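In the two complexes that follow, chain A is the common piece, with chain B as its partner first and chain C second.
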Partner chain A sequence: MNNIFAVAGVVIKELYRRKDFYVLFIVTILICLVMASVNIFNDAKIVRYLKEICLLLVWISSLVIAITTTSRQIPAERENRTLLPLLAKPLTRSQLVLGKFLGCWLACGLTLLCFYVFFGALSASREHHWPLLNYFQAAVLHWFMLGVVVAMTLLGSLVFAASSSNSTICFVVVGSILFVARHLDQVALTLREPLRTVIYSIYFAIPHLELFDVRDLVIHSWPLISWLYFSLALLYALGYVAVFLTAACLVFRRKAVN
Partner chain B sequence: MTPILQTQKLRVEYRSRELRQGTKIALHGLDLEVCAGEVFGFLGPNGAGKTTTMNVLLGFVPPTSGSASLFGIDVRQPISRQRIGYLPELTYYYKFLTAEELLRFYGKIFGLTRAEMDKRIPELLKLVELEHAANRPIKSYSKGMQQRAGLAQALINNPDLLVLDEPTSGLDPLGRMKVREIIQRLKNDGKTVFFSSHELGEVESVCDRVAIVHQGELKAVGSVSEVTGRHTSLEKAFLEIIGFQSSPTL
Partner chain C sequence: MNSPRTFFLLLLALLVSCFGLAAHLQPQFQAWRGSRASGDIFNVVLGDSRRMFANNFFVKADAYYHSGYYPTMFDDTEAFKTTHMAADTGAVKDKNHGDEHGFLGPTRNWIDAFGRNFFPDRHTHLDEGGADDNLGGTENVREILPWLKLSADLDPDNPQTYIVTAFWLRMRMNNVAEADGILHEGLRNCPDSYDILFELGRLYNESYHDLDRARNVWEQGVRLWLKIYPTLDPEMQKDHRFIMEQLTTHLGKLEEDAGNLPHAIDWFEAAQKVSATPAHIQEQINRLKGKLGLEFNPLLKPLY
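Coming up: the complex of A and B.
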C-alpha cells in the first residue's frame, strides 16, 4: 500500500512541477469572465444559459486533463527509462499501475474540487442560494466518471505504444460514449439480427458515462438524486475501474521493459 | 560458497517486427554464478548480452528458457529485489524531482522509515558528492552528476548485492576513482558487486573474478590472473577470446 501511495505522490508532484495546472487557471478565469457577465444580463434564462456554458467548460477541461495526464504516465517512464530503476525495486508492476491510477485520479479530484468550489461560490453569490448537496452529488459523480476514464486511459497506454495515439483514441471513445451510447439500444432495434446482437452487447458492455452527467442538478437546482441511486452509480463506476485496472495489470505483467 | 546470483542455461530471444530476422538471440544458454562477498566483473564487447543478462536478473525481460535467481529466489518474484541495488546503463531520473526527493521516493518503496532515510540520504549524497546540488531538480544536472545520483539510488537500501551496468561511464577520472573506491568499500563491508564495464584496467584493479561473454555465450570465467593466463594483460586476453585479429591495413 505504501508503494502505491509513493508512486501516486510522484505523479501529483510531477503535475504541479510541470505546471500542467495552468489549464486549470485558464479555465477558472474563463468561468470568472462568463459569470461576471451575468450581471449585465439580468435575465434568469440567460443566467442559466451561462451556467450551462461554464459547466460544459468544466466537463471538457476535466476530461482533457484526465486523459492527457494519464496517457502520458507510463509511456514517459518508458521513454525516459525511469521505469528500470523503479521496477528494480521491490515494487510489483500491479502496484505501479495502481499507484499511477491513484495519482491521476486524485489529481483529477483536486482539479474538480477547485472548479466546483469556484463555480459554486460564484453562482451562489449571485443567486443567494446555496444548494450544497447538489454540488456535492454532481462533483462526486463527475469524479467517479473521471475514475473510469483514467483507468481506461491507463489500460490504453499499455496496449497502444504511442501515447499521442492513445489519447486520441480515448477522446474519441469517451466522446462517443457521452454522445451516442444512450441511443444505442434504439439503434439496435432498427437493425437486423447479427448486427442487432452486436450493438446490444456493445450497449451493455460499455461503461455508460453519460449517466454521471448530472449537470442539471446544479444548473436548474433539481431535487437531489436518491442516495441509493447515488451509491449504486458510484459502485457501477468502481466496477468498471476494477475491470480496466485488472486488464491493465495483466497486460503489463507480460510486457518486457527495456 | 553459496552463489547469491545464479543463472542456469539462460536463453533470451528478442522478437520484434523491427528486426529483419524476426528473432534475435541475445543469450545462448548462459551459466553464471556469483558468490557472496565477491566483486565480479562482467565483460564483453558491445552487443554481447551484458545488459540483457542484467535485465533478466531484475525481472525486466522474461527468459525464453532457463532460469535466474538472486539469493536463491527466482527473479520473477519481486521480493528477490529487496536486498539489491541496481544502476541501469543509460538512465534519466525523474527530471522534476531533486536528488533528495528521488532518494526519498525510492527509500519509501524499500519500506525505509523516515528516521532511517533522514540518516541515510545525507550520507549517500555526501558519498557521491552531490550535497551541494541536493535541492536542485535533476534536470539541471550534468551527465556525470546524474550518474552519481544513480549510484546513490542504487545504495539507498544498503543492499547486499549491487548490480551495476557500466557504473563509470560518463564520469571524469576523479569520478571513476571514486566509484572504484566505493566498490572497494562495499567489498570490505562484505557486500557483493556484479558490474559490467569496458574499462579493463579498472576491472583488473578491483575484481576478484571476471567473466567474458561474446555473442551471448560465456567464453571465459575465473580470477583475473586465470583469465589473463599466458597473456601479458587482461586486455590482450580479452581481444583474443573475442577472436580479434589486428588488421594489417590499419
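Coming up: the complex of A and C.
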C-alpha cells in the first residue's frame, strides 16, 4: 500500500506544479464574475443562471484536468525512460497502475474541492444560504464519476499509442455518454435487428456517467437525493473503476515497458 | 535609400493612403446591408444565425420555469408544444395536449428507474412554488429572465419573448416599469406586433389603471390585426385569431366597465367571429343585451 501512496503522492505533486488547474480555475472565476456583473432587469437576486454557468465550467474544467492529467502519466514515464528504473524498484506493475490512478483521482478531488468552494461562495453571495449537504452530494458524485473517467483514461493510455489520441478518444466517449447514454435504449427501439441488440448491449455495458450529473438538482434547489440511492451510485462507480483498473493491470502486465 | 528620412516618408505615405482608403470605404460599408458593424456583440459574432439560438434560450427559460423537469427530444413533447411560461400569460395560444406530468412514461429498465433519482422528476411551475413547493416563493420566477433577455437579444424580431418577459416582470415581480420598458423595446423592434400591443394594453389597464391608454393601444392592435391578417397563410390565420379574440374581449370588458354597453356588445360580436368558443361569447352578449334592456326600461312608458 505504501508503494501505491508513494506513486500517488508524486502524481499529486505534478498536478500542483503544472499550470492547467490554475489557468482553468482563474478562467472559471473570471467568467463567473463577468456573468455575475450583468444587470438583468435591475434584479440582484437572480442566481440560477450563474449557478448553471459555474457548474458547467466546473464540469468542463474537471474533465479536462482528469483526462489530460491521466492520459500522460504512463506515456510520459515511457518517453522519459523513467518507467524501467521505476519498475526496477520494489514496485509491481499493478501497484504502479493503482498508484497512478489514486494520484490522479485524489488530484481531481483536490481541484473539485477548490471549484466547489468557489461555487458555494458564489451562490451564497446571492442566495444567502448554504445547502451544504446538496453541494456535498453533488461534489462526491462528481468525484466518483471522475474516478471512472480516470480509470478509463488510464486503461486507454495503455491501449493507445499516443496520449493525445487517448485524450481525444476519452473526451469523445465521455461526452457521448453524458449526452446520449440515457436515451440509448429509446434509440435502440427505433432500430432493426441486429443493430437493436448491439445498441441495447452497449446501453447496459457502458458506465452511465450521466447518473452522477446532478447539476439540475443543485441549480433548481431540489431536495436531497435519498442516501440509499446516493450510496448505490457510489458503489456503481466503484464497480466500473474496479473493472477498468483490472483491465489496465492485465494490459500493463503484458506490455513491453521500453 | 536606407536613410531614416526615406523610411519616415514611406511610413507617412502609407498612413495617408490607409486613411484615404478608409475614408473612401467607410460610407459604402455603412450603406452595405450585410454590414455587422452597427449591431451588438451577437450580431457581430453570429450574424443572422443568432436567431437559431434564440429559440433554444427561450425553451431554456421554460425549462427553468419547470425547475429543470423538461422533456428532451427523446421524450414525449406533446404536452410541451407551447412553452408553459408563454401559455400561462394568456397572450399565446396553448397547443399543448397530453400528460405534462408523466412525459417520462413508465420506467423502461433498472438503469432508467435508478437514474430518475438523480434528476428532477416532478412537474412544477416556478410561479406555483417550484421544486420545494414554497408558495411564498413565487418571485422565483425571476430565474427565467436571464434566458428571456438573451433570447430577445439574439432574436429581437420575436414578439413572444417581450410579451412573456413583460408578463412575468409585471405579475410576479411587481416590476411594472421594467415590463413597460421591455414592451416598448419590443414595439421598437416589431412595430406591427399586435401581440405586444395587447400585452401593453393589459399593463396600462391592470397595472396603471389607465383605461384610455389601454383602449387606444388595444384599438391600434385591432387595426393592425385587420391589416395584417388577410396577408397571412391559412395555417397562420388560425393561430392569429386567438390574439384578436383576446383584444376584442378585453376591449369589450373595458367598455362594459366604462358603461359603454353598445360598444361592448360590438366588441364581443367581433370576438365571436374569431373565437373557438362562440357560444360562450354569445352568453356574454346576451347578458349585456339584457343589461342594456334594463337600462332603457324606465324610458319605456306603458301603453295602457
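Simple rule for what comes next: the second predicted complex is superposed on the first by the 241 of 258 C-alpha atoms of A that agree within 3 Å, B and C clash if a C-alpha of one lies under 4 Å from a C-alpha of the other, contacts with A are read in each partner's own complex, and residues count from 1 in each chain.
Just so it is clear, a contact is a pair of C-beta atoms (placed from the backbone, for glycine too) under 8 Å apart; a residue touches a chain by one contact, two chains touch by 3 or more.
Treat the numbers as computed from the prediction; the structure is a model and nothing was measured.
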item	value
Room on chain A for both chain B and chain C (clash or fit)	fit
Partner chain in contact with A:204 - chain B first, chain C second, else both or neither	second
First, second, both or neither for A:222, with chain B first and chain C second	second
Touched partner set for A:2, first chain B, second chain C, both or neither	first
Of chain B and chain C, the chain that contacts the larger number of chain A residues	C
Which superposed partner A:233 touches (first chain B, second chain C, both, neither)	second
Chain C versus chain B - closest C-alpha approach in the superposed model, Å	41
Chain A contact footprint on chain C (complex, rising order)	64, 67-68, 72, 74, 108-109, 111-112, 114-115, 117-120, 130-132, 139, 142-143, 145-147, 149, 169, 173, 175, 178, 182
Contact set on chain A toward chain B in their complex	2-3, 6, 9-10, 13-14, 17-18, 80-82, 84-92, 256-258
Complex contact set, residues of chain A against chain C	38, 40-43, 45-49, 141, 182-183, 185-187, 203-204, 208, 210-214, 216-217, 219-223, 225-226, 229, 232-233
Of all residues in chain B, those that touch chain A in their complex	51-52, 55, 58-62, 78-79, 81-82, 84, 86-88, 90-97, 101, 105-106, 108-111, 137, 150, 153-154, 163
